[in-house]
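Note that chain A is present in both complexes that follow, paired respectively with chain B and with chain C.
Let's turn to the complex of A and B:
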């Protein structure tokens, strides 16, 4: 992660502020920064979304390919994640520098989606054992200012909501094999149900309290953070402790409870916003990358 | 999955024969006794066999066997750091590496580190880092290498225990031993220290609580240094699971302490062995281990101080 140097006096200042529920930019301990979401920004993908959370910017593109299902689960498709920390974000990511962080982020995403309900994999099957849809979710970090997990998970949810998978039908050809035909109408597509896609909440332990959506300065003052991914119903799909410090079991229980509360509250406004954006249709003003 | 960029390989044509089974593996029942006779819904960990000092070339090493899970860990260090351009020269660096032997799991794995290996190495690093006094080893590097010889469930938990034992055997200063424990939640019941079949069986009934949880714990300090869960669980189940894992770690603690005492005794010169009865708590033990490697005479003063 990109790091900033924080002096001892600054650390004390941030610590004392958080102790009194007042952060450097005036937020409370459980408030997010200003978040902007825009979908359908890249036309070559089947679904895309760009999320800006404070100064962190993340771009997600989803492409659907036809592939062979995994041998152990022949009637399901699958989702592949890849996170690329681009050198645009910070010079530390130049060359192979960002690879470690990218692998860590992708592995966590695999764990978050490793359950039956997040994405309906059975709907991605075309013909059992032979063809299925493979969703390649590629995440690009454009700017890095802390709290990558939250921004990435919101962007993935928005991109999956925006994904339009073309409708296919199977027909038998002359030799008895199966032939896949894509429908001619470009608007004839299948949408994914993203109601159960979880959102990740990162809680940083600063002093005796925890903060949601920490900036890089606040991260430099904390020894350990807890990442929780929460679904709309409040079930937790993945938790992970990151950082080089240790946590008290009581703090973990407190942070889990706070994370669940914050995460659950994130879903309803997000879905409303995405549906609102969708309903604008052609009249929507595209902001793109220059806004 | 990352691929090996140095070699050009042909297409992978071999498949595991388990794919061609006529009858699929039976789904494990979610009630009743477990396959190896242990109880479910109770903190019933597998009996462990641990031994330190197996690898003569390494500074410290440990081997752990729990049921059929076998792993070994070697520690090299503190060594001089290769790159001198590290910004933080005030404390040492801990590098961890966890690998699976290709024959360790049911399906043959490859020698190239897949993303799962890298993920486990990172988890191991995060679990061990709070416990090691890195500020006492500036500009040095401590390498921890774990090799899984046979994977029969809860590999990460046992790797954490094995690695902290190897670090203690190497004489690296630590605040406390780190112990790992994992559970598998299946509907309303849980199993502690799951075997490979219990970890990977998917229940036919898609119920609310399904998932696995691994906790790395420092018993004397009552701190959690590593936590990882996946699957789908409610918050109450997760909290109860963490408490169960902590209990499992407490159950394991005396066994690990005993193994470490035996290793210290074996390495100690005969005169010090007479003082073995005064080694009661683990903090004195750590002092014993690290001073053994430096000044044996100083050890006497430490021992007498602790007795008072």
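Let's turn to the complex of A and C:
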């Protein structure tokens, strides 16, 4: 994880600021930095999104491929995650430096997203027990300035919203074998239902309070944080504690409640934005990476 | 709770003054500076088919027959007398290593700091052992460049009461080319906070000290809570600095102050929104132009 050095006096300043509900950048404890979301940024994926949150930037690409369903769940497709920590984000990721963080992130994402309650896995099934769609979700960290989980989850939701899976037709030939035919029309595709895809909220315990969307400096002052994934309705689908410190049960309860509230409020503006972008169609000005 | 989500927009430069295209002294790599062979080749240039060509994007500077290009996007190239803000990265024998945004870590020698208890004192072996009590890894200092080594590394000193360890406040890291060179880089702004504009692009914002503390040689830091009103001013200044830097406005006390004044109608956390940023930078530039002429 990218780290920054913070002196003792700076820590005291940040700590007192959070106690007074006025953080270094003027935000309150439950405010996010402003977020910019753009979908359909990588042309050779089936769905992609780029999210910048302050100085954190992540790019997510979704690629659909035909595979064999898992034996335990023959009528469901599945989702695979891979997180790549680019050395552009921080020199620490050079070589194998980002591998540990990458595995940790992808394991968490797997827990959060790969179940039938988050993503409609049944719709990924082509023919039970034989063929299904596998969604390969590749996450690329372009810049790190804290709060990776939240940015990644928003980007994944946006990319899944943007994903277009080609329609397939199954035809049986004379010998009883099945043949899969892809539609010739590139616009003949299926969209995923992202209604129940959760967003992750990371709450950092700093002093006696907790903050959402912590910057690297604030993260350096916190001992432990709680990762909560919340759906549109406010259902918590996964929680995880990260960091070396301990949290007392009371504050976990408080943080869960706050996370639920914040997480619920994330979905409405996100969906509104995605729909707005969609409705612009070709008229949308593409910004991409050089804007 | 507020989550502001939006589509990205292409950033347009906000400039009231003449456009960069009209500036003959700004070049990009590959631009021919002159085809006259009477000039000497300096930093940031090369000779291509007998024409002097720029190898970096920046400003052309000419001293007699020597032509250099000073890059705009660069690390800090220190000169003697520059005020810098830096962070201690290592404590070594008789010296501290300081990160100052230059190509190599700078050094602060034990013999070039003011130790508590008088100006003129021999540095004993005990002082060497207690170095970490004065400054430890992660601490921020303000200092002045004392000399530049042959490899470009800087030697710093804090032999004045105005330099030394920094206490509570906020560090903003910007590009060194945005800092305007001035007589003084220490400012007590009338809005209620103080600012050190380091030549290396590190800007330190802190609450204005009530009385100038001495005795401890600047190694004592107060850990008393800063009042909410001071915090708000500092946070506003921080966001103003980032807004000015995003639109490449030269930073000095007047520009920062004008930006602060233009931003008072907005909430502190809103300043970093692109449209608000554009608006206040525009107002700032207008004020700067009015003041000039």
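Note that the second predicted complex is superposed on the first by the 287 of 291 C-alpha atoms of A that agree within 3 Å, B and C clash if a C-alpha of one lies under 4 Å from a C-alpha of the other, contacts with A are read in each partner's own complex, and residues count from 1 in each chain.
We take it that contacts are C-beta pairs under 8 Å (C-beta built on N, C-alpha and C of every residue); 3 or more make two chains touch, one makes a residue touch a chain.
Only a predicted model underlies this, so the values are computations on that prediction, with no experimental measurement involved.
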Combined model on chain A: chain C and chain B, fit or clash: fit
First (chain B), second (chain C), both or neither touched by A:104: first
Contacts of A:114 with chain B and chain C, given as first, second, both or neither: first
Angle at chain A between chain B and chain C, C-alpha centres, nearest 10 degrees: 100
Chain B versus chain C as contact partner of A:252, first or second or both or neither: first
First, second, both or neither for A:92, with chain B first and chain C second: neither
Shortest CA-CA distance between chain B and chain C [superposed frame, angstrom]: 10
Intersection of chain A interface sets (partners chain B, chain C): none
List of chain B residues in touch with chain A within their complex: 2, 15, 19, 115-116, 118-119, 122, 126, 129-131, 206, 208, 210-211, 218, 221-235, 238-239, 242-243, 246
Residues of chain A touching chain C in the complex: 5-10, 12-13, 16-17, 20, 22-28, 30-38, 52, 261-262, 265-266, 269-270, 273, 276-277, 284-285, 287, 291
Residues of chain C touching chain A in the complex: 1-11, 87, 89, 137-140, 166-171, 221, 223, 225-226, 228, 231-232, 235-236, 238-239, 267-269, 271-273
Interface residues, chain A side, partner chain B - complex: 71-72, 103-104, 106-107, 110-112, 114-117, 224, 226, 231, 234-249, 252-253, 256-257, 260
